[in-house]
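Which chain is which? They are A, B, C and D, in the order written, and residues in each are numbered from 1.
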């Protein structure tokens, strides 16, 4: 008996839940959880079920394909560790949080490597016996540097997610397209406020009373990809922007790790530059 | 074409979702939303669907009864205004919040009357052309006073909910049993902390850094009924207990009104001294 | 024995706290609370004290002026009800919240009148025996309509604050300058995200996971004035923009009323398009 | 020029701020921040100032002692790393969070050692070149085991704080008294709710809609010491107690690390079983 995650994304029409649940019933599956959502504006149906049973997952997937409309996108996933690459620059908190969770066995993930444009974090990463690759951007233009990173990434097969744990460089369209819906970033503001560089300085200048962090998939437009998770904290006039930066770290790391967990557990649908999360 | 809320509560077994969704399909219903939950520990299944179609709701209910196991509790509800009685003492914030929402048309409710053991709130309530009944407890023991309140309540037929909007008197088992799962209270602490009298004073004495409020159904044990909603706010050492009381009012009124809305929209299942809320 | 609020705003230099506290000591004042803040970047000093004693407040103010640097702005305020005008359009929640607080005696304020461009809220406001003035914008250009509003406002002397309780029209520079730092607005987003019209629709389109509200003083640039208070709530993919709007109301009203209370209690300093709040 | 933290705790009387600020003025000190609080109920005065100047801290302390009432407790502290011992059992998240912060240079602390009753965390701790001491409780009664721990602690001089990072054993009065106001614990509930063992199980059984964590100093009564910081998260009916436990970890680690930072920065006054935090 094994657990499977069934993810369905289709144009909405009557009878979808009936067709899926009758299939589960016919396969004698135990439904552990069931979540559905219909986006009426876009006429889209989303469903995530966790089922338990003695089945051939490919056969279940095929049966669902046969019974559901052609528009339906169907995945039957057997939970297993996903392969991730972490990219970082110099800050330790977001990376460190993931390393500790990984060490504690909290993440369904293998960390294949950590890539950085600086060597600073190497000492930390190597404690955990994880490869650390420094790819300096010194003396290189953006394309040249990115080429080197892409080359490095190509050495790792089956990368499920690339996690930007405060990687402080902008990625080009070429990079993003190569790993579409696979790059998870943490931006240190409650987007869409304070897009771009030094959001804490921007927040300080604006005199806001809350600051936050946003984890999102990366698309071609900087800080405009589908949002996965957001969190804020309250501040007051006594916070300079470096105080905000310090206090913001706790939110950043929690929000990034939360997004990563959601992705690893196959809980996120991406469409229309948004996410549906079960 | 009308909307109906279908609420199902049953012992869990395979095929429940299939049976319900096939019935919906056969009746050519459009599913507007669908929520399910299985409490594995207690083997209980909960489902709330909002459907849209040209049907006879009694027939749908009967069909579901025929197809589902005998243990299943099934309701097919056509949304309409529910009848509520508000009970209060002297404080205006929670009552006022409900009155304004009612005036704004935010609540699916008719307020039949406001009952209080003091006359203080009569001036406010009468502005809204809602009957205000003062039943003083002066010179009466608890049973005598409650008898008078129960007598008054009996004049109103079809009471769906009694809302205790800071009604500062304890109800006896007799009263509670007469309106089981129909009495919604707001307690001014994050229960189970600070059960009983003056929770803000208790919170002050304990030196907590958060205070809160809890809306719950009332059962025989004071402040121990099924919790519907809770919220907290942060405080610090500078708050005396009266400051907490003042600041707490905003949480109390929001949490009580939120619980009332959930009840009016048939979103709450009560079982095992807990709530399942969709 | 009376209470006074002493507000000091000056260029920072050594000895300010010493000079103020020695003056309080010489006047034999009891300090009930004392808050200070130095903005090092702008070299500004802020102080708010609540003192208790048998003094002439004008004399105390003069003594502080004599002893403090010329740059210092000093106010000694005897707490009393401030005069406010509320402006609204059609929505009831923010206005209603203020009316109930006023009725409950929670606000140090006299509501002189409610002005609206529609008559819808008149029935509610008149329940509370507060003048309601409808100034329709129908058939008028912005300047013409605003002239009528300004004319109406001039009938009320000593307006301390104008509260825009979801007043859905843009004010011109001329209006804003006439009541500088006296107009408090509620914007239904966590500014600076979603400036301008229908922020909930914007939030929905962006796919954010939190929505919020911001109370701020109004200056010439729409939604860019000094922020007083902000609050957010979590949402998910199931929220359409009208659901956000509904849920957002609770945050809007609390955040606006909170800002109003801070202003009425003389707790806000405005400078550099920011607020210092004690 | 050096920075000093000046902490004053005294019976309240008129002129305290004046006396302190005149002393600062006479010493030509620059006040970087100043916080005061008077507990009127207990007639206690608290003040924390950060000052900057070229002084002898012992002389400043002596001068303040001479000028302030005899009841005054005065500390002039030159910021430097404090010595801490961490005690843990098997869980990695709270300990890991502190280790990463320490590695990142976020904490004004030297971690002298980690002590555990199990060996499980040794592999993690040794990565950071911090001594790990396993003191098993197997076959020992509480007093015997605690004696061994106390013996071990005595080898470390000048312990400023002992941090219980999910140390799952109860300490006796003897232990607590030996390190009064020096032991910081994290309890996995919003105290005073769910004192004692397995608070998540208790929370699940009670059906609460929020769970939380509390950092506090340890005194003789289990979970009843002065609270430093608290935080909560929202949950719903779908959370089993193990889900709560998983989700609660993020709150626990943040709240414990926050309390530790406050202690290391000399921001906490303890009195009357409460804390004043600046």
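Criterion: contacts are C-beta pairs under 8 Å (C-beta built on N, C-alpha and C of every residue); 3 or more make two chains touch, one makes a residue touch a chain.
Every value quoted in this text rests on a predicted model; they were computed, and no experiment measured them.
Interface comparison, A-B against B-D: more C-beta pairs in contact at B-D.
Rounded to a whole number, the gap between the C-alpha centres of subunit A and subunit B is 38 angstrom.
Our note on geometry: subunit B versus subunit D, Cα centroid distance of 40 Å, whole angstroms. Residue positions of subunit B with contacts to 2 or more other chains are 33, 238.
If touching chains are joined by edges, the resulting network of the protein chains shown connects every chain directly with every other.
Interface residues of subunit C, counted against subunit D in their complex, comprise 14-15, 17-18, 21-22, 24-25, 28-34, 36, 38, 40, 234. Per the touch definition, subunit A reaches subunit D in the complex via residues 33, 91-93, 96-97, 99-101, 103-104, 106, 124, 127-128, 238, 246, 250, 254, 257-258.
Subunit C meets subunit A in the complex at residues 37, 39-41, 190-194, 206-210, 212, 226-232, 236-238, 240, 272-277.
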